[in-house]
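Next up: the structures, one after another.
The same subunit A turns up in both complexes below, where it pairs with subunit B and then with subunit C.
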Partner chain A sequence: MTTLHAEWTKVRTVPGTVWLLVGVVALTVAPGALAAGAMPSGGDPAKSALTGIVVGQAIVVILGVATVSGEYGTGMIRTTFTALPHRLEVLAAKALVVTGLVLAAGAVAVAGSVAAGEALLPGGLPFTGPVVRAAAGSVLYLGLIAVLSVGVAVLVRDAAAAVGLVLGLLYLTPIVATLVADPTWHDRLRTLSPMTAGLAIQSTVDVAAEPVAPWSGLGVLALWAAAALVTGAAALRLRDA
Partner chain B sequence: MEATIEVTGLRKRFGGTTALDGMTFTVAAGQVTGFVGPNGAGKSTTMRVVLGLDAADAGHALVGGRPYRELRRPLHHVGSLLDAGALQPSRSARNHLLWLAHSQGLPAKRVDEVIAVTGLGPAAKRKAGGYSLGMRQRLGIAAALLGDPPVLMLDEPFNGMDPEGIVWMRTFLRDKAREGRAVLVSSHLMSELQDTADHLVVVGRGKVIADTSVAELIAAASGDRVTLRTPDRTQAMTVLGRAGGTVAATGADTVTVGGLTSGAVVALLTDNAVPFTEIAAHRASLEEAYMELTRDAVEFQAGQS
Partner chain C sequence: MRHLIHAEWTKFRTVRGWVIGMLVAIPLTVLVGLLGPAGSQMSCAGPDGQPCENNVPPTGPGGEAVHDSFYFLHRTLTGDGTITARVATLTDAEPWSKAGVIVKRDTEVGSTYAAVLLTGGHGVRMQHDFTEDVAGPVSTSDHQWLRLTRDGNTLTGTTSPDGEHWATIGSVQLGGLGDAVQAGMFVSSPEHVEITRGFGSVDASGGPTMATATFDDVSVDGGWAGDWRGTEVGGESGMDTGHQESGGEFTITGHGDIAPIVPDQGSRGRTVENALIGVFAGLIAVLVVATLFVTSEHRRGLLRTSLAASPRRGQLFAAKAVVIGGVSFVTGVASAALAIPLVEQVEVAKGMFLFPASTWTEVRVVLGTGLLFAVGAVLALAVGMLLRRSAGTVTTVVVGVVLPYLLAVASVLPSGPAEWLTAVTPAAGFAVQQTVPEYPQVNASYTPADGYFPLSPGGGFAVLCAYAVAAVVLAVVALRRRDA
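Take a look at the complex of A and B:
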C-alpha cells in the first residue's frame, strides 16, 4: 500500500500529468465529433463516434511511457528503488496508477464522444447492447494501451525509443497489413495487430466482417499488454538500476 | 537493528573494466568513516551494491546484518545520498520528500521536520530542478533523514557546497555519529574529511588499500621525523648529516630530519652554534598521508589509459 501511495503522490505532483489527461479527453472527443458529423450512410455509428480513440491513444502512450522513462532519464529511478527495493511492486503500482488515471480519463472521453455522436450523427446513437459494448470496450482499450506503454518503457527505458516503439506497433502494423495481398496473411496481420484487433470492440454493424470478434480482439491487445509488462518485469529484476 | 554496514569480497565488472575487486570493510556505529580514494576507485559502485541498485558478481553487502533488498521500509534502516540530481526536476522539493515519506508510511509532518533540520525552509516549495548543487545536497540529506535511520551513507556530500554549507555538513556528520549512528561518507578529497572522519577506508582500483583510524594513519605517514626552521640551512644540514641524520631541505629555511630525536637535534645545533628559530615533531597532513597511500593506484590508472 505504501508503494501505491508513493506512486500516486508522484503522479499527482508533476504538472504534466493533468495536461496529458486533458489531452486524452480533447483528442478523443474532437475527432469523434468530426467523424460523426461526416459519417456516410451505411456507416457504423459507434465506430464513427469513437474514432477519436485512435488519436487519443497516442497521448495515453506518452503518459504511460513518461511515468517510467521520466525516472530513467533523470536518474530518479535510483531514488525510487532505494526507497522501494521491491521492484516488481513498484512496477505494479506504476501500472495501476497510470491505468487507473487513463481509465478515468477514458471514461470521460468516451462519454463525451457518445454525447457528441448522439447529437451529430444523422440517426443519433441508439443505446443498444453493441453500442454499450463498443463504448465500455473503448475505455478498456485505452487502459490496455497504458499497460502496454508502461511495459515497453520499462524494457526500453529511453522515452523517445519507447514512444516510437509503441506508436509504431500501433499505427504501422495496420499499414503493413494493407500492403499484404495474400488474403490469409492480410487477415492474420489484422488479427495480430494490437490496434486493429483491439478496435474490433467498436464494431456494431456487420461485425462478422471484422478479422476477429469484438472481445477476442480486445483479448489480443490484452495479450500484447501482458507480454510487454511481463518482459519488462523480468528485465527490471535482472538489470542494474 | 545494529548500526553497521558490512561489505565482504565484492566483485563487479562492467564490460572489460573491473570496478570492484574484492572490496571488503565494515562501518561501525558511533563514528564517521571516511570512504576515500581517487575517482574510479569503486566508491560509488560499492554504495550502489550496498543499496541493492547494482548486483555484485560475487560477495555480499549487509546493512544491519541484512541484505538491503530484504528490508521493508528501508529508509528506516539506512539513509543514503548517492546522486543529488536523482529527482524529477519539475516536482517541488517538498513534494519530492512527500512521495518518499509516503513510500515509507511516514506522515507529511515528518517532511516538514526534515525541511527545518536541513535549512531548506521556504525554498522547499520551489521546483527541485532549479536548485543549485549545494541546495540539492541539502535536499538529499533531508531525504536521507526521513526515516531517522541508524545508518547514513553519503556519496560526496561536500560537492557543490559553499564554505558555510561545508561547515554545516561537517557538524551534521559529527552530530549524527555522536548520536550513535554509523556514518559512511565518501570523498575523493581527503582534506574534506580532515577533522570530520574518525576512521578511514582508503580504496583504489576496486579494493581497500588501508582500513585505519585517522590518528594511526597520520602517525604512520609522519614517521619519527623532526621539522626545523633555521636561517643557516646549509650549516644545519652539514652538522646534522655528519651526525647520521637523514636530512632534506623542505623550504628556504626549513629542514626535515629523520633518524635523530628532537633532543639530539637541539644539542647538535647548540654545540655547533647553528642558529634556529623553531623545532617540532613533523606531523603529516591527512592529505599527505593519503597521497602516499593512493599514489600507486592513481599511477596505475594513468598508465593504463
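Take a look at the complex of A and C:
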C-alpha cells in the first residue's frame, strides 16, 4: 500500500502527467472525429469513430515509459529501491498506477469519440452490443498498451529506445502486412501483432473478416503485455539498478 | 566550425549505444523488408503450365513493363506512307477500349509503335510507345476519320470528324523503326475493372472483354505490299477475336490492351519501393539515436559544458545537425543499397516479377532514402532540442513521420483523407522512394495504399524538409533564448 501511495505521489506531482492525459484524450477524439466525418459508405461506424486510438496510444506509450525511464534517467530509481527494497512490488505499483490513470483517461477519450461519432457519422452510432464491446475494448486496449510500455521500459531503461521499440512493434507490422500477399501469412501476421490483433475488438460490422475474434485479439495483446512485464520483472530482479 | 563538428563527431562515435543503434538500422531495414516477400508464395502457371519465373511481362521500348496484346489487321509498309480509315462504329467498348490505325515496327510484343485511335470513353487520342498519350480534339461526332502518316521515323497523327477538315493531334519520333514496318488497323479492349472500396480494403473484380469496331473508307498511300492479314499480337487470347471484310468495310473484334502495367495491391509485380518497406523500421532506429544525441546532453547537463566550450549556440546546433545528418545519410544509403538487391532476390525466388527500373531511378531511390534518414534525424534533433525529453521527442517524430503513412495505407481511412495525410504530414517524404508513375490512360486505383503518393518525389521530400526547417528555426531560437 505504501508502495502504491509512493508511486501515486510521484505520478501526481510530475507536471507532465496531466498534460499527457489531456493529450491521450485530445489525440484520440480528434482523429476519430475526422475519420467518422470521412467514413466511406459501407464502413464500420465504430471502427471509424475509434480510429483515434491508433494515435492516442502513442501518448499512452510516453506515460508508461516515462514512469520507469524517468527514474532511471535521473538516478531516482536507486533512491526508490533504497526506500522500497521489494523491487517487484515497486514495478507492480508503477504498472497499476499508470494503467489506472490510462484507463480513466481512455474512458474519457472513448466516450468523447463515441459522442463525436454519434454526431458526425451519417447514421449516428447505434448503441448496440458490438458497439459497446468496441468502446469498452478500446479502453482496455489503451490500458494494455500502458502495461506493455512499462514492461519494455523496465527492460530497456532508456526512454528513447523504449518508446522507439514499443511504437515500432505497434506501427510496423500493419505496414509490413500490406505487402504480404499470402493470405495465410497476412492473417497470421495480423493475428500475432499487438496492434492489429488488439484493435480487432473495434470491429462491429464484418467481424468474421478480421483475422482474429474480438476478445481473442485483445487476449493476444494481453499476452504481449504480460510477456513484457514478466521479462521486465525478471530483468529488474537480476540486474543492478 | 570545424573543431565543433569534430567535437560532435567524437561525442557520437564514443557512445557505444548510439553507434550500435545506427548500425542496427541497416540489418533492420533489410530484415523487415524481407518479411514481406518471405510471407508470400505466388502460385501461378501460364497457359502452357510454365511457372511464374518465365511469366515475366514484356517490356516496351523504354524498359517499362507493358501489356501488348490486340487484334492487328496489317500489311507491310516499306518507306514512307499514309493510312486513313474511318471508325464507323465501336461497340461493346470499355472506357479504354481502343480502335484505330497503327504503325508498329513488327508484330513482336513490346515493339515500338505509334497509333491514332478512338476510345470507348476518352475520345480520340494519339499514343506511342505505351507510356505516351495525347488527347485529340473533342468531337461530338459518332464516327471519326483517323490518319497516320509516316515520314522516315516521324509519325504524324491527324483526325477529322467529317473527312474534310483535318486537325493534327501530334507528331512523334520513333526510334528503331526499320524501313519495312507493319501498319494497319487494330482493336483492343482491356479487362473490365470494377473497384469497390470496402472497409479498409479495396476489391477489384472484373473479367476479360472484347470490343468490335467497323472501319470503312480505308485508304493507303505509299509503299504498301501484301494482303491484309489478321494477327493476334501477344499470342492467342483464346477469345472469339477476328476480322471480316465486305465491300471495303472491315469489322474487327479485338481483346487486350496496349498500355503500361501499373502495380496495385495484390499484383504479382513488385516495385523498388516495395523492397524498401523495412525503411520504416530502420528510420525509427535512426530517429531514436538522433533524439538521444541531443536529449542526453540535456539530461546529463553536458549541454552546459558544450555551451561553455562554444558559446555560439547556433553553431553548436549546426555542428550537431551536420554530424547526425551525415551519419544518418550514410546509414540510409547503406540500408537501401543492401535492402534493394537482397529483397528483390527473394521476391524473384518467390515467383514475383520486378517492375523494371532504370539505374538512375535506383540511384535516386537509394540517395533519397539516405536523405530521408538525414532530414528525419535533423527533425528529431530539432524536436529534441525543443522538448528536451527523449520519450516525447521520439513519439512526436514517429507519430509525425510513420503514423500518417500507416493510417494512409493500412487503416479505415478512405482514399481522400489518405492522400491528404501523405501530402501534408512529414510522411510525404516517403514519396522519394516512388518509382512508378501514374498513367492517366490506364484505369487503375492510384491511392497511397497502391503505392502512389499524391506528391512527386521531389515535392514530397520538400514537405518533409519544410517541417525540418521549421523545427530547426524553432530549436535555434529556443536554444538562444532559454537557459541551458
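The criterion applied here is as follows: the second predicted complex is superposed on the first by the 241 of 241 C-alpha atoms of A that agree within 3 Å, B and C clash if a C-alpha of one lies under 4 Å from a C-alpha of the other, contacts with A are read in each partner's own complex, and residues count from 1 in each chain.
We adopt the following convention: a contact is a pair of C-beta atoms (placed from the backbone, for glycine too) under 8 Å apart; a residue touches a chain by one contact, two chains touch by 3 or more.
Quick caveat: nothing in here was measured; it's all calculated off a predicted structure.
Student: Fit or clash for subunit B plus subunit C once both are placed on subunit A?
Tutor: fit
Student: Quick check on the superposed pair: does A:163 touch subunit B, subunit C, both, or neither? Answer first, second, both or neither.
Tutor: A:163 contacts subunit C only, not subunit B.
Student: Once the structures are superposed on A, label A:84 by its partner contacts, choosing first (subunit B), second (subunit C), both or neither.
Tutor: first
Student: Thinking of the overlay built on chain A, is A:175 touched by subunit B (first), by subunit C (second), by both, or by neither?
Tutor: second
Student: Between subunit B and subunit C, which makes contact with more of the residues in subunit A?
Tutor: Greater contact footprint in residues on subunit A: C.
Student: Identify the partner contact of A:15: answer first if only subunit B is touched, second if only subunit C is, both if each is, neither if none is.
Tutor: first
Student: One more residue to check, A:2. First (subunit B), second (subunit C), both or neither?
Tutor: A:2: touches subunit B, not subunit C.
Student: Per the contact definition in the header, classify A:71: touching subunit B only (first), subunit C only (second), both, or neither.
Tutor: first
Student: What is the minimum C-alpha distance, in Å, between subunit B and subunit C after the two complexes are superposed on chain A?
Tutor: Nearest C-alpha pair, subunit B versus subunit C: 10 Å apart.
Student: Per the definitions at the top, what is the overlap between the subunit A residues touching subunit B and those touching subunit C?
Tutor: Shared contact residues on subunit A: 16, 74.
Student: Can you list the residues on subunit A that touch subunit B in the complex?
Tutor: 2-3, 5-10, 13-16, 70-71, 74-79, 81-86, 240-241
Student: Would you pull the subunit A residues touching subunit C in the complex into a rising list?
Tutor: Per the stated touch rule, the residues are 16, 31, 34-35, 38-40, 42-44, 47-48, 51, 54-55, 58-59, 61-62, 65-66, 69, 73-74, 158-164, 167-168, 171-172, 174-182, 185-186, 188-189, 205-206.
Student: For a test of understanding, state which residues of subunit C touch subunit A in their complex under the given definition.
Tutor: 17, 21, 32, 35-37, 39-42, 197-200, 265-266, 274, 277-278, 280-281, 284-285, 287-288, 291-292, 295, 299, 389-395, 398-399, 402-403, 405-407, 409-414, 416-417, 449
Student: How about subunit B: which of its residues touch subunit A in the complex?
Tutor: Result: residues 48, 51-55, 68-69, 71, 73-75, 80, 82-83, 85-92, 95, 98-100, 102-105, 143 of subunit B touch subunit A.
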